Structures are given as C-alpha cells and as structure tokens.
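Here chain A shows up in two complexes: once beside chain B, once beside chain C.
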Partner chain A sequence: MSSMRILACFRVTPDYEALRESAWSAAARRSLSSSGGAETGHDESAGARHDEIAGPAGFVDTRFVRRILDCFDESALELALRLSDALVGLGVTSGLGALSVGTPDADPHLKTLLALGFERAARVHTEAALDFAPAATAAVIAAYIRRLDRRDLLMLGARSGPGGDATVPFRVADELGWPCLTQATGVEPLADGRLRVTVMTDDGLQRLTARTPCVLAVGNAVVSHLRVPTLTDRLAVRDRRPDILEPADLGVDLTDALRREGPSLTTLEGIDRRRQSILIEGDTPRAKAQALFDLRLKSLLEDL
Partner chain B sequence: MRFAAVLDGTSAASADVTATVVHRQSAALGAFLRGGLDTRATGETLVFYDDERGKDRLIELAPTRDVRLLRTGSRAFERMAALLGTQAEGGQTDLFLFAGGPAGTELATRLACRSGGEVLTDVLGAEAAQDRLSCRRSIYSGHLMGRFELSARPWCISVDLSWADSDEPEAIEHVLLSDTDERDGCGPGPFEDREPLESPSAGDLAASRLVVVAGSGAGDRRGVERIAAAARQMGATLGVTRPVAMNAWAPMDRLIGVSGARTAPALCIVAGASGAPAFYWGIEKAGLIVAVDIDEHAPIVRDADLVLLDDAVAIVEELAAIVAAEREAR
Partner chain C sequence: MPLTREAVVEGLRGIVGPDDVITDEQILVESSVDNFRKLQNIFNVHTMPIPAAVVMARSTEHVAQILRWADEHGVNVIPRTGATATEGGLESVVADSVIIDGSAMNEIVSIDAYNMQATCQCGVPLQALEDRVRELGLTTGHSPQSKPVAHMGGLVATRSIGQFSTLYGGIEDMVVGLEAVFPGGQVTRIKNVPRRAAGPDIRHVVIGNEGALCFITEVTVKLFPYFPENNAFLGWTLKDMATGFAVLRDVMVNGYKPSVARVYDPGDAGLHFSHFAAEGDCVLLFMAEGAAGIAKATADGIQGIVDKHPECRQVDSAYIETWFNDLCWDASKITAEDERIRQTHNVNRTTEISADWSSINDIYQAARARIIAEIPDITMMGGHSSHSYINGTNMYFNYFFNVVGVGPEEETSKYYLPIIGIICEETLKRGGSIVHHHGMGKARAPWVKDEYGSSYYVLETLKHAFDPNGIMNKGTIIPLSTK
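After this line comes the complex of A and B, so read on.
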C-alpha cells in the first residue's frame, strides 16, 4: 500500500462533571413535571422528541459549561496522529482528515487539528441536537465517507455523547459494509498495509491484524490526551478554515433522519445514591483515622 | 411477547475462557429475564459457537429451557448478525436480548440496522406497553436515568453488565431444539492472527473484599504511589479513578467505573475522588464506603457511609499504620 487515508471523527461535548448538582436535579424535576416527555433546557413548554429539541444543550441546561473533546474521541484523534507518523516512517503516504457533526463549538478544535497536521478538517453543520440521535449521526458520517471523502480507515471513540452511545461505530460500519473493531487501545501499521490492533474483547486483551477499510472504535487507551500544537504550527495554518458542509451537501435529509430516529428518550429521572454520610471528626489526620478505625474498621477488618 | 436471548460462544481463547465469558453473558441475561423484564414473555436462547468440543457446556449455560445452536466462524459478527436477521424476518421474535460488552453491542446494533428494528444498549430494565418497549438506562455519565421508548421491531437490546452481579443462573433442564452448521459463507473474516495478550487483569479488584481507591485528589503520581503503598500495608487492593489512569499515575487495569472494573467489596475507602457517577457505578455494591476528601461538597461525601474531610494521602497512610500496629499487637 502506498497510501492510507484516515478519517478521525470527534464530538465536542459539555464538561458534565463541571455541572452543579442543582442542574441535574433541575433537569429531573423538569422531566417529572412534564406530561409525557422530558423538556429542553431552553424551552420548558416543548416536548422532547429528537426533532423538536431547541438547541444542542438538549435536555440539560449546559449553556454555561465549557466544551471539551469527548474523551474517547480525543484518544482516537491522538492515535490517528501517531498512526500517521508511523506510516510516514514506513514510507506510506498518510492522508489524515477530521470530521465533526454539529455546531460551531467544534471549530476551534478543527483549527487545532489543522495545526497538528491534519490535511483536511470538516464540520457538517447542524443546530439540531444529536445527543440522542446515533442513527442520524452515523448516517451523516457514512455519507461523508461515501460521497465526499473516500477513506480507508475511520477512527472514533467507542462511546460518545451524553447517552454514552456505543452504537455509532457499528452503524457506520454496517452502512459502509466495513468490519469494525471496538475497544481498540493501540494501532500500528504493518509493512504490507495492514494494521496491528490491540483491542479489549469479551475474552480479554488481544492483538490482531486488520485489513482496511475498517472502523476502529477507540476505548480505554493509555494514549488519552491530544498533543498540543506549537505556536509556529498554529501560525502556519492561521489562514485555513475548516470546511463547513450542510447535511444536504451529503444527500442527507437530517430532519427526516431525526424524525425516524429511535429509540426516543421520553423521561429523565434523578438517581439517588445517598448513603448515611456520617462525618468522622478529629483534630489531626491521625485522630480522624483512629476514630474511623475504632468506630467501624476494627470489627470489619477482623471479619475479612 | 416472544424473545430470543443470544449468547456468543465463539472465541479466540481457550474453551475455559469461552465458558467463563458465556457464563457471565448468561448470568446477565438470566437475571435480566427474571428481574429486569417486567413483561410476560416466552423465548429461547440462540447460542453461537465455533468449537464442537465445547458445545455441551454452552447448552448448560443457556438462561432458557429451549436452546438453538448455530455453528459459525470465530468472532464472525457480520455473519452472525446476518443469521439473526434471517430469524428476525419471520417476525416471530419481538425482542432480541444480548449481554453488554463489545460482542453484544455489535450484534445488537448490526441486527437492528439490517432488520429495521431499534437498538438500545446497557439497559437496566424494560417493560412492553402498547406496541412499544420502554427501557431504562443510565445517561449523562450516570448523572441521570433515561427512559427510552422503542417502537420499530425487532427490539434489539443489550443488558447492562451489572445484571451479571446477580445470583447464579437457575438450574434448568435444557431442550436442544436445533443445531445447525452455518460456517458456509463465514470466510476467513476481516481480522487475522489473533494473539491473546497477557491481560492486565482487573479480576483481583472484582473479587477483593477490601479496596482502596486513589483519585486525583492524591495530587500527583507520588501521591498515588503513597496510597498504593498504604493499601498494600492494609492488605487492600488498589483501584483508581479515570483521571488517575489517564494521567498514567497508575496502570489502566486499576481503573474502576463504567469503563473499568465493577467491584463489590465489604469495605471501600475512596481517597481523593469526587465520586463522579461513572466512577461510582464501580463501587456502588460496596458494603461500606468511606470517603476521604478535602471538598465537603464533593458528591462522594453525600454518597458515602462515613466521611473524613482531610488530605487523602495523609489519612490513608495513618490508617494503614493503625491497621499494621493492630495486627502486630495481635
């Protein structure tokens, strides 16, 4: 193989861990007070069908929370860069592309990827919430590859979005007729154009050889942070912009796809995990540890 | 309602590993059928296998009385999905059930894509009502529970692996309805040269009665190492949160939570972890949870039995010294 064209897909997501507890309970309360459906953070009178959601904040109000790369997608982007570097070392031309589907929240990240050496960075624009729309998301990604940008390898996170959805890689693979490996944690090129992939399977950790085209869905990789471009790298691409496409450019009727999307999220509920929360007090760490030991741990440890 | 529970008994690993994997699938599906599916349903188990020698054990593990065996190539998921699609064409099966995990997720998704059905993964509970299947699953990284409605059949769901924590599968007198060889058309498969690796095993975490978890409140790699040393001194198994594993302050096989190990110790000491829901899923079965954190507003403070508001490393080290002294005195 003289070239391998790689596409890495990613989602930009609110940092849910930065949300206050009150935001979650408010979302659950809105849901419980509605008649038959959860409601959006923007419009409390709206129902909660995929095609009616007012904006990408979706069901929980995340307007004031910073946006981050979905963690598994971030691993996929960095692994794609490392694979590309390794291919160059083997004398294989590597075309590296990046794709995101959604709002302009992704654009700063796409610019970063251009600075890191991605030859192409594209966003399929939609203001519709795709948080719980894996079928529509997969349809856009598959159409992008089939109609606009033929690729040999698709890399993306094994799970993404607030639903923790794990079906998008398989949906894309099925639509393209490609095989898919999920929970990939490492990938290296072989001289004959195939890939040596490390995956966590139901049987345990395995290494296997994959032919392209295929989909690699990245799981708990040790490689978890995207490298940072230098100022020089950023300046080199200061005039470049991501390609912004509409779903219609790819032949996708997103409104129709969202209308047909299923399953539908109908209700949100809070999860009560509270326990006794008894405070152990003391003047020093030693005193607190001793109080804990005397109160419960001594008898408990004797029984273990 | 009629269902088919699907077990993947194909494997690149040994017969013993395969039986262990299928046992876990069956435990999850059996427990879900008994306690998670709130609808009267009858059904059968479809077992994919690739090794003639292990099939009797696989039949014994089926969570239903009626069993059908389908022999395919190892890990031939596209072929397996096609066979399930053929079964779905008859319209006799409303619900296909899979155990959570990579194989179950792939089969459920590909089947739904090919049959025009709908798929939902990691399901915690389900009930049928008015031509729809209503399912619960955790969303927003475990912050909320979502209720989803599936309409287009077949409904393809994978059940959350926490169902595998439940009791042992019931003793069932199985009836083998069919055993078909479907290896034709499997081909060599897209993936070759499978090589099992020395798996970083989290098995010790799952079985441990005493777990100490280090979170990012440990401060840095040195802090995690100090907590690990204290855990060893106490005879505890070390677990870590995702940020700690992602920073490479501890090996990935120590990870506890949705993307790591699920534990059920008698005592779990959580040192310097905020208690994000995705992590908490991995310790929620603990008998006693002790939280050590400097942040009194951290979720773990509310979700623990006992709380110490202090430096995580200092407290765990003091505790280890006390435990060691007590053991020596005895």
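After this line comes the complex of A and C, so read on.
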C-alpha cells in the first residue's frame, strides 16, 4: 500500500464539568413541569442571579460554558495523528482529514488540526448541535466520504457525551458497507498495509488485524489528549480556513433526516452522587491506620 | 560538623516522637520539590537533594523545639503547610534538609463575628475557614485559585493574593495579627489591633518571609460580610491590551472597588473565552460585590466608564459569571492537568509581575515579543492583568510550551528559567517588581539584588538578624550565591 487516507471525525460539546449544579437541577425541574419548561425560577445558590430560561423538557442551558472536544473524539484525533506518523515511518503516504458536523463552535478546533498537520479540515454546518440525532449525523459523515472525500479509514469516538447514543460509528459503517471495530484503544500499521487494532473487551484487551476500509470506534483509550501545535505551526496555516459545507452540498436533507430520528429526550433527573463515609478517629497516624485496618482492610484480607 | 542523616532523624524523633517523623523514601523524594519542578514530579524524575525527613509539627511548642534544635545543629529547615508553592520555595537545595510540615496544626481557634476577625492555626485550609465563616454570612475575602488546597500559613508566608483583591486587598491587608517562631525557638505573637503607630509595622517582617526568617504558626485575619445575592458581573471584548489597561486605570482612579477587575490578552482569552470572544480579541471583565447599594453603584460606575470606550463590546454577564464560578483549582483539576502534561509534554507556566500604569503595557508587549522570538516550542504566550491599584497593576504572564528533545529534568533550564529571565529583565528595566504574588521562592531569587536595589541592605540585615546561622530555607528569597 502506498497511501492510506484517514478521516477523523469529532464533535464539540459544552464543557459540562463547568456547568453549575443549578443548571442541571433547573433542567430537572423543567422535566417535571407538565408545561414542558415555561417556568422561570431563581437560583438561590451563592453568586447566581440569572433567571432560568424557558426550554423544552430536559433542556440544559449550556449557552455560557466554553466548548471542548468530546473526550472520545479527542482520543481518536490523537490516535489518527500517531497512526499517520507511523505510516510515514513505513514509507506510506497518509492523508489526514478532519470532519465535524455541527455549529461554528468546531472551527477553532479545525484550525488547530490544520496546524497539527491535517491536510484537510471540514465542517458540515448545522444551525444547532445534533444532539440525539445519530442517524442524521451518520448520514452526513457517510455522504461526505462517499461523495466528496474518499477515505480508507474512519476514526471517531465510540460515543460523544450527553446527547450521543454511541451508534454513530455503527450507522456510518452500515451506510458505507464497511466493517466497524468497536472500543478501539490503539492502532498501528503493519508492513502489508493492514492495521493492528487493540480493542477493549469484557475479558481484557484484544489485538485484531484489520483490512481497510473500516471504521474504528475509539473507546476508553489511554491516549486521551490531543497534542498541541506551536505558535510557529499555527503561523504556518494562518491563512487556511476549514471548508464549510451545507448538508445539501452532500445531498443530505437534514430536516428529513432529523424527522426520522427515533429517540428524543423527554426527562432529566439528577444522579445522587453522595457517598456514605466514616471518619476514622485516632490520636496518631498509627492509631488511625490501625482503626482503618480493623474496620475495613482486615475483613477484606480474610476474604482473600 | 554537620549532623549525619541518621542523627537528624534521631534528633527529630526525640522532639516529636517517632510517628511524626516521616522518612518514607517516596514522600521524601516528592518533598524535595514543589510545583516549580512539577514536570519532574509528574514523571518521577528527581534531581534535588533529598530531605532527611518530613516532621509533622503539632503545636507551637513543637515548632519552637525543632527550630531551637535545628539552629543549634545547623540543620536547614523548610517550613511548609499546604505545599502548593510554585516558585521553588519548598525545594531542598542542600542535603539532609528537614521539612517542617504544619498541616496537622489545623484548628480554627476562634471566629469573632463581632470584631470581624478569625484566628486559625497555620495548617487550616483556606477553603475550610471560608466554609466555616460562610455559615455565619461572612467571608475572608481571600480567594486565590489555590483556595481549595492552600493553607493559611503558606498563604501568609508567600504574601498571596486572591481573585477579589481589588476590593479586599492582598493577604497583607487581611492579617491583623499572628504568631511565629524564629530560629532559636523564639515564639513571637503580634497582637490583633485595627491599626497602630507604635513604630514600624512588624507584621511585614513575617508576612512574605517564605520560611526564610520564621515559621508562622497562627494567623488572625479580617472577616467581611458576604452578600452573594448582590454580585454583579460585567464583561466586554476589545481589540487591544492598551485599551484594557486604560479602562482598568480609569476604574481605579475614579475610586471604584470592584472585587474583580481583569483584562485578558488574546492568547489567554482564547483559553478561557473562545465561546464568546473571537480569535484575536481581548476580554475585559469585572465583578462588583458588597451591600446592595455599593454593588450596584460600583457596577453602574464601571458601566459608565467602559461606555466611554465604544471599541469595547459588551457580552452577556452570564458568560463571566459561569466562567468565574469554575475558576478555582481543586485536587481533581490538578490531577487532570498532570495527566494532560504527562501525555502531551505540553507544560503550562505562569509568572506574575507588577508595574505602574505607564510601564505595564510596555513590559507586557516587550516580554511577550521576546519570549516568542527567543524561546522554542511555545504553544501559547499570553497573560492577563488581574490585580489593580491606584498607581498600577499586575501582569500575569500565562504560557505553554512543548518540552522537546530534553528530559523532564531539563525543562526548567531549557524553557522555564529563560522565560522567567526575560520577564524579569523587561520588568526591572522599566522599574516594575518581578514578583506580584507567588513569592520569590528560589526561582526568582537570583534577581533579588536587582529587585531591591539599595533597599537590599534592609532585607539582608533582617536575614542576618533573625537567622544568623542561616538555617531557614536556604536559597529562598536570598539565593545561595548572588549573581
């Protein structure tokens, strides 16, 4: 094989960690509201003064938090870069492409990917994030590959945060007629053009050999952070812009695709994360260690 | 003749008992550095002399006995509490040093809601004190990013400052009295009074001493009423830092006291505010707080000032409020950041300086330009001003670089120290101070004579007077050898 064209797809999500608890509880209250969320409330927690906005049941107001790469997609992007580096070492030309389907929130990340050496970065524009729309998302990705940018390998996160149901990789693979390897945590090229893919199974890690074309759904990989381009790297692509496409450019009727989506979010309720705890008492560290041993560890050892 | 390592441990055991003298190898190795060499800690590569022991002090008397013993035997001691230092102040630069850890002295001694002051031992986490006084509708007003992990003794020892400093001041404005132990075991209490003119303000011998003069065992700080319901947030985007500095100056000169007043340059704004600021935008933001009338008047006054700068485009205040509520660094964020660094070898560092209004933009521009031109592998070079005064402000340089071609042990010499050097040079050249609120530590100690000028005489005399045998945190503030 003289070349391998790789496409990595990613999604940008609100930084849910930065959301205050009150944003979730407000959404849960809306879920309980039979009117579907026309209520207005006031957050009594420290420092918060903003009235809740109206929204449908389950609507979480994420307007004011920053956008970040979905963590599984971030793994997929870095693994794609590492695979590309390894292919170059084998004398194989690798064309790296990046694709996101969604709002302009993805554009800064696409520019970063150009600075990191992706030859092509594209976004298929939608007016709103495609939450709970795996069929529509998959239709766009498949159409992009089929009609605009032929690829040998598609890498993307196995799932993408709240609003994703972990079916996009399967749906894309189905539309393209490609095999899909799930829960991938590593990939490396073989000399014969095939790929050695590490996947996580219930019984542990498994190493598979795969032929392209195929889809790699990246799961809980150890590699979870994207490398960072230098200012010099960024300067080199200063004048390059991501390709911005409309679904119609790919022959996809997004309105129709969204209408056919099955699941929708109807309710949202908080998870009680409180855990029971016991304070270990003791006058000295040794006494506390002994108390911990007597209370908990001793019986665990006895059970071995 | 110096004590052997074994004799140091035995001596300490004789004072505090065996349980409170820690000699676990991994703990000692980790205690040889602070966050100045965080890359070495992340990769478990250590180059500094390993301390002989970490001794847990549980009382002022313990500290006094340890310091008396250390002074007698010439043992270098490094005071610490929360161990969140960033400038090498907790590094052991000489063999067989002893870390005196005050984190077990963690009692909140009193909260006096009538006289509006709280007294606590050195090892009380600021977050714990803040949580307690909040139950009474009060606040310490101190909120450094390290609030969840830093302890009161260390915060006073490093002359720290918090995010609400423009209203409440730095820690030096909050400490009304304290207790400290000097070499030889001399216990000193400075009483808690609103103000006095009985000679020099000796609190300032202790505040900011970075463990180079004494060990702080107890502090009393002011309390303030807490009115979160009145908090008002304001934010704008703008195109250049010069305008941002000018607006900050107008706000300060006109007498307004927002608790937060900041301007972010495009690089730093890109890290925090890319969801509402365009690439290349600066961000200006304020928070007004206090009693309802004060908070409203402050917010209205600031609005009026910024309105005179039509190039500033106002953003929804919810952006600022949401961001601010997620700003502090707790243990989970630190762990996540360490993992990011481990994988990417992309390191984030900060260096903070201060200068008058005439000089601050020149320092920012000059240092930034030089760092980008002279230092390799920079991935972000930016910063923000976050603490303003009537006569000037600070600049908090915030920068990232990829560590390329060297091991973790060479990160400081290839990247960090050269960057600090540029920032110090450009600051000193224009009459600013090379340290705004992290402390000198050992990282910036080589510039101490340039920082102090002729007033170095005072500093040097203090050191000789209070620590004649040189046992207190060797190399901190005053380097082992001056350049």
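In the analysis below, the second predicted complex is superposed on the first by the 238 of 304 C-alpha atoms of A that agree within 3 Å, B and C clash if a C-alpha of one lies under 4 Å from a C-alpha of the other, contacts with A are read in each partner's own complex, and residues count from 1 in each chain.
Criterion: a contact is a pair of C-beta atoms (placed from the backbone, for glycine too) under 8 Å apart; a residue touches a chain by one contact, two chains touch by 3 or more.
Since the structure is predicted, the reported quantities are computational estimates derived from the model, not experimental observations.
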Touched partner set for A:286, first chain B, second chain C, both or neither: both
Touching partner for A:240 - first (chain B), second (chain C), both, neither: neither
First, second, both or neither for A:205, with chain B first and chain C second: first
Touched partner set for A:264, first chain B, second chain C, both or neither: first
Partner chain in contact with A:175 - chain B first, chain C second, else both or neither: first
Which of chain B and chain C A:225 touches, first, second, both or neither: both
First, second, both or neither for A:150, with chain B first and chain C second: neither
Superposed model, chain A: greater residue contact from chain B or chain C: B
Touched partner set for A:18, first chain B, second chain C, both or neither: second
Overlap of the chain B and chain C footprints on chain A, listed as residue numbers: 17, 19, 224-225, 285-286
List of chain B residues in touch with chain A within their complex: 8, 11-13, 17-18, 21, 25, 75, 78, 81, 101-103, 105-106, 108-110, 113-114, 118-122, 134-136, 138-152, 189-201, 209-210, 242, 245-246, 248, 252, 255, 258-260, 266-267, 274, 276-277, 280, 284, 288-290, 299, 301-311, 314-315, 318-319, 322-323, 326
Complex contact set, residues of chain C against chain A: 19-20, 134, 228-229, 231-232, 270, 272-275, 279, 316, 318-319, 321-326, 339-340, 343-344, 346, 372, 377-381, 400, 402
Of all residues in chain A, those that touch chain B in their complex: 16-17, 19, 21, 24, 27-28, 60, 71, 132, 159, 162-167, 170-171, 174-175, 179-183, 185, 197-211, 214, 219-220, 222, 224-225, 262-271, 273-280, 285-286, 288-290, 292-293, 295-298, 300-301, 303-304
Footprint of chain C on chain A - complex, ascending: 17-20, 46-50, 63-67, 105, 108, 223-231, 284-286
